[in-house]
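First subunit A sits with subunit B, and in the next complex the same chain sits with subunit C.
Moving on, here comes the complex of A and B:
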């Protein structure tokens, strides 16, 4: 059955200018705005009964976005005793016969809750193309801009009544080379600005979001009503996409104001910080847990582009992988303890893998031919490893999967029709997943 | 001076640790494939003596004995008797890698340094050590003589020529010096020049001190590594050495490479020429003209340079100073039919 989404954009139209509006500037510009202090999901809805029902049905996704591309050899697909394997050993897991890198002892202990794909095989070998491909699920077809996973899930899983943003990008490192360019781009694509991300974290913290003490709530509401009226009038008079985007951004800011405490790392408990921290990626993964617990449909956690180890690959992975190991372990266990794992899909991946060979700088190069990712939670079978690479890790020798297979898997796991057609006037036909690419059935529950 | 390349020896994988026998007839290499190799210096023929369970990171010929001692990323130290061709001791020295190891010139002490860099704060400041980062052993018996504390990761170690002191340098650019007779820490040479906090890609620390050498009079210590970078993953920081008067209060920096003489790249090796008039820094070249620089001991000026087109991890001289050995490797080639062409290299130069 076709499921259609109507866009208010036309073919060939320039991307929304939303991406040019720096959200931090928005937030700072709203320093005088008021805030309702809300720290719980129920408080984000006007009707408690609806809130409870929405909370019960809400599905979520946390994407641990490992920008730069982690090495599969030092994570999910170790090759002990080979020259491509590197210096770290492999270790057994609680799934008989399955080994992962010895840098991941905590994940080894919960392997029965994870699904690992060891035979991802994609085309782009450069970051910009890889990041876009693995976030959008299809090759670009200019000038049409396919929405990223977060935007699709925001549209499919989000609630308009919810004040909590539907697509949150926790992004403590605002830089990131090609990833910086990606973040500044048009992420929501043809879905429109209302499905774009709200960025927070690190220097994108939201310290200026409290209502000034000398402004009453009434004053604030009056000002907001006036702003809305004027922007809407401008939007109608000039058919302005920019004005529309601005309104969408303000709506998101209003949401942020009401749940600002969920973004405040200073409000995290010491016990939780000790589990996930102390590094900023772990701390923001903890924020992701809290945001999901409070109703956020999609949270993406990134941290610059740290995995791009063209030099000193092992010296960098010795630090990054143990942090990732700890984050995945606690995130999965915490979601399970809270009864959230069944309806929260967790995905940990980068834009490709790293080469079996070491360059002269003791680094590994980009390698899309054969790489690994891990998933857990909603709709995902647990304790499975699918796909296999050859002894030195040069290529898949069993069940290669690409980005379309991955996106079909993610959508299916979350109960979303992977093959629904977008209803885009004056545009070519696009589907959520093109070419009817099958999901990776081996890891679907 | 002249440095003329005389020979290139190929080994199966990159050489991470290297030493030369007293008469320079044999070379010893610790390699990325875990092997400890003995190489005939004249013919280049080599044999594998024994192995580590991970990368072999160091090998030292123990003076006045028939022993070699190796270290590895498996955290293990191995004693091997060349006379009997038997392993005589194996010690699990560290929970993490032995990054580097060294033997004192009198053959009494052997030191190995370790430490895993783990996030210790929101900005990825290194966490405190979970085991002693510097260990000193009796080179003959294998007994532990000292365990010293440092901040991980500790990546470089060297003994003073007078055999009274040992120095160890870390990721954060701090070199500590201890007195071997008392175990007392005498100095901490601090510099931020070798350590990058990644602004562009990785909000974490990279780099640090990669090699150390004491001056011939043991009065100063020289450290080398990559200069600071906004993006450490590019590996193109300035080739840098700095010299510290470690005995003076505050262990001040008293000399460093002239910026105009440095290219970009990753120096990993330092050695003094036996004649004591110059020292050599070598490594991997990213941009510039040389990967191996010869520096005047008095002025610090670059007096000669060469580029051997490889990553160099160790520099050694024969005792007369007429031969220089550069050990390291090229990039690992892609496998052909499951096999790799050799990518370990030892370059021999005649020095005049």
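Moving on, here comes the complex of A and C:
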């Protein structure tokens, strides 16, 4: 059967999601996945001092996921005056010698808090594969489904018994072409459904989040305990992966109900709303800030798939980049003011970059060969740019980095062993980052 | 001539991201593209703003690389000699590499032998020292060119240029490769088992035995009646001593009134997708649901039904609803093409809109635009007597553009190797529409069509014929779909990707079942009967060993999630509602709608329970209402029982169709005993727990 699976690997490259197959194999993995977790915190929370300490040490990550892939030329790696450059100028920043696009004046003023990588170089050039690669950190190997960054961090930084969800995906636009397919796929992979995301966003709140009018906590706890009891026989007899998946979903209900108000955009302050702007991406970045402040380990903010500028690249970036500029600026400053930046890693990136050349529709095509991303916060050196592309941005001429280097960097910055083995029964040996790929040490604090 | 067709078709292909198109603004969009709306739209688009060499790999190849290689390399790697098995004259032979393997790795000049060997001082440096050497500029151009090959555009453009692409076997060739017939005299269902079980042997797996009667009666009711059996139905089946009782029950359910309702729901989601309440309403009022139900109930053959939907010219009042298949797609020809392909050929073609399918080479861009052309003379008509779709006798000659910016005419070519000949006006010639070109000529009032015109040459008729006659792919697609519905997984999975990249798990069985389905006159009941009477369908779903076998071995009954509608009706049955007369009850109708929102999936590739579903069960007042004791419903009856032991036993048998085991009984009784202070709350929590258990929520 192994041969058969291998032949499916190429099929996985087709844009249609085929993150498939055989969760049954992971049945035991649900328990086994705990092998690299930090252990249960349940005991700790019974002592207030410990709970306080745990909260102080809690690390967080906010991923500003720029679906569709923004242009490096109109953001972090401007090439003014070249054929690749486009109409926008470069501007100086508060770090001497570093220039970024003039569409990002606010970020230019806090460049000393940011780290920019200009030499990302990856392989897939289609969204579905790119989105998966940059969220999972490795090429697919069917039928095994590698968990996305959010799930890994939920497991590593979060606590299964915490009220606030460990992996929150804020995405006001439920649509989004290939991104829609990604969202519908199996994000938690071999870690199991309990590490999957809670999705919310925009005008669609979280339905059925309020407790029934005549329901007491006791009765609710009782019925859930009874449900788990009644499911056991079936789950054992059938080695049922579906039952495990349902159990995981039920286990998360209570926690989510207790923090319903954190997802309510009507409860955001007017002053904050004004700073982050009227766009849904800004509003949800603001929600992310509040969620992190309240203990959420990982929040991913996306907004459909707006960055895919095959048509009128410059015009579209002229609309989108200023919002990104404003959001990063306020998010970093707010986290710093609250003393959270030290403990919160912020990453802003898409699934690849955009081509140095323009197509016939004044758009830029997909371009994985040389692109940029930005980070700030926990474990990251400030005011540094690493990597260099050639004068027209066709390829990296210095220090190319791929998805594995990136994931090693993220894990290291958050104090997580990047090369730990997954100890999963009936599965090949996987590592958090494969091939011992080195982290981008130039940007690690 | 209807230039609007050309615009809509081509522009959509340029706008890969429709939301972006809207964002940029329809008016700007129109000024950019409207002015060049001719037959060869894309070919005459304004040229790129950057230099041609940077535009894509293609001009670079033509302008720089081919000349460099021609001058310095062809002597030994092209023409007379192909040293090292390497031919550098053409893109496809370059990508094929030499005896030492690949020479070009797109996007990775540093790792590409073609570039490495050119470097000064390289091992086995090329060209050899005695030959004229390349200049630094030429070497850098080769580097640049290989780097640009990393982008999709160029890679796909290169793939399109490769001969491999052209020689890929077609879907029809692949479908006809495998043939199998059971030994004479073997019953159809036994033939299924013989192939499944011989595969077990090959894989060294011993499969399960068949399930007990209680499991079977629940499974078959869920699959054919779309609900769990009532207690009486289950008991009468289990207690029957008839040796043929399983096949008798199957026949009774297939002849019953619930089977067409259930199948219509399945086909509706498969063919139309779930599109919300509005669509559900219009599908009812347009007669679509009734069409599906009546056709299933009357046992119409599947190929006739497919013909009804594609042709959309109803011959009787019962067929009128079939028009909705095209009508609901509101003159969106690409949506029509994308909906027809899985039904008619078992494949999704959306990938082939902008280029030949990148992985499954047999699905070509010309098939996509061929399917679009089959429908692009179609337009919705709101006739006096209901919905209709007209067809023009002229226009709809689309050109499509590949990623190399080459434009070609779309002809009526379909993925099943069929091409329909059609006269094509020369470019720029004005085509005259005239009543003589019609069987039923168009009748217009203020630009509004009043009747559905029927041209003498009808493209829809052409594709309907091409799909419903001599098209083995039609039967294969439906057989795979039904197998997936009944067994929990298709021979090909995902079900609508029956292409070269997704070979079937059981090619002989798929071939034979499809052939048998076709020979039966596309008789859906015959197909279902063959499958469900097999031992394979009736296998026990429990697995005694440690690791369950791979699902594609079909060595145990696979778990199947209940669809929203099946779950809805099963909830009504389990909670003791009058499930046959719930129509029009606003409370239960709201529950049904809410279930559709929480459980939209059908034929999902992979099962994932969602938090939304558990939130629904936990906090939805609609679900909670089912638990309220009232009249003779389940909880009311449970509360009348004298002992907690009796309550537990009855709840188990009514909801799960089985007795509790000792530990389940003890546990549940202990809970009810502790809750004797509030007996109703106790019973409610218990039935809630049973209704939300995996055993209830799955068909197994």
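To be clear about the criterion, the second predicted complex is superposed on the first by the 364 of 445 C-alpha atoms of A that agree within 3 Å, B and C clash if a C-alpha of one lies under 4 Å from a C-alpha of the other, contacts with A are read in each partner's own complex, and residues count from 1 in each chain.
Here is the rule we use: a residue touches a chain if its C-beta (ideal position, glycine included) is under 8 Å from a C-beta of that chain, and two chains touch if they have at least 3 such contacts.
Computed from a predicted structure; not experimentally measured.
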Which superposed partner A:367 touches (first subunit B, second subunit C, both, neither): second
Which superposed partner A:193 touches (first subunit B, second subunit C, both, neither): second
Partner chain in contact with A:340 - subunit B first, subunit C second, else both or neither: neither
Touching partner for A:283 - first (subunit B), second (subunit C), both, neither: first
Partner chain(s) touched by A:439 [first = subunit B, second = subunit C, both, neither]: neither
Contacts of A:66 with subunit B and subunit C, given as first, second, both or neither: neither
Touching partner for A:308 - first (subunit B), second (subunit C), both, neither: both
First, second, both or neither for A:227, with subunit B first and subunit C second: second
Between subunit B and subunit C, more extensive residue contact with subunit A: C
Partner chain(s) touched by A:110 [first = subunit B, second = subunit C, both, neither]: neither
Those residues of subunit A which subunit B touches in one complex and subunit C touches in the other: 68, 83-84, 173, 175-177, 304-306, 308-312, 315-316, 319, 356-362, 392, 394
Residues on subunit C engaged by subunit A in the complex (per definition of touch): 14-17, 19-21, 23-24, 28, 32, 42, 45-51, 54-56, 107, 109, 144, 147-148, 150-153, 155, 203, 348, 350-351, 357-360, 405, 493-494, 497, 501-503, 541-543, 547-548, 550-551, 559, 561, 597, 605-621, 624, 661, 663-664, 667-668, 671, 675, 681, 684-686, 688-690, 692-695, 697-698, 700
Contacting residues of subunit B [partner subunit A, same complex]: 13-14, 32-33, 53-55, 73, 96-97, 116-124, 127, 153, 198-204, 206, 231-235, 266, 284, 286, 310-311, 329-335, 338, 340
Partner subunit C, residues of subunit A touching it in the complex: 1, 7-8, 10-11, 13-25, 68, 83-84, 123, 125-126, 173, 175-177, 185-186, 193, 196, 198, 206-213, 215, 219-220, 222-224, 226-227, 229-231, 233-235, 237-243, 245-250, 252-253, 256-257, 304-306, 308-312, 315-316, 319, 355-362, 365-369, 392, 394-395, 426
Of subunit A, residues touching subunit B in the complex: 68, 83-84, 87-89, 172-173, 175-177, 277-280, 282-283, 303-306, 308-312, 315-316, 318-320, 322-323, 356-363, 391-392, 394
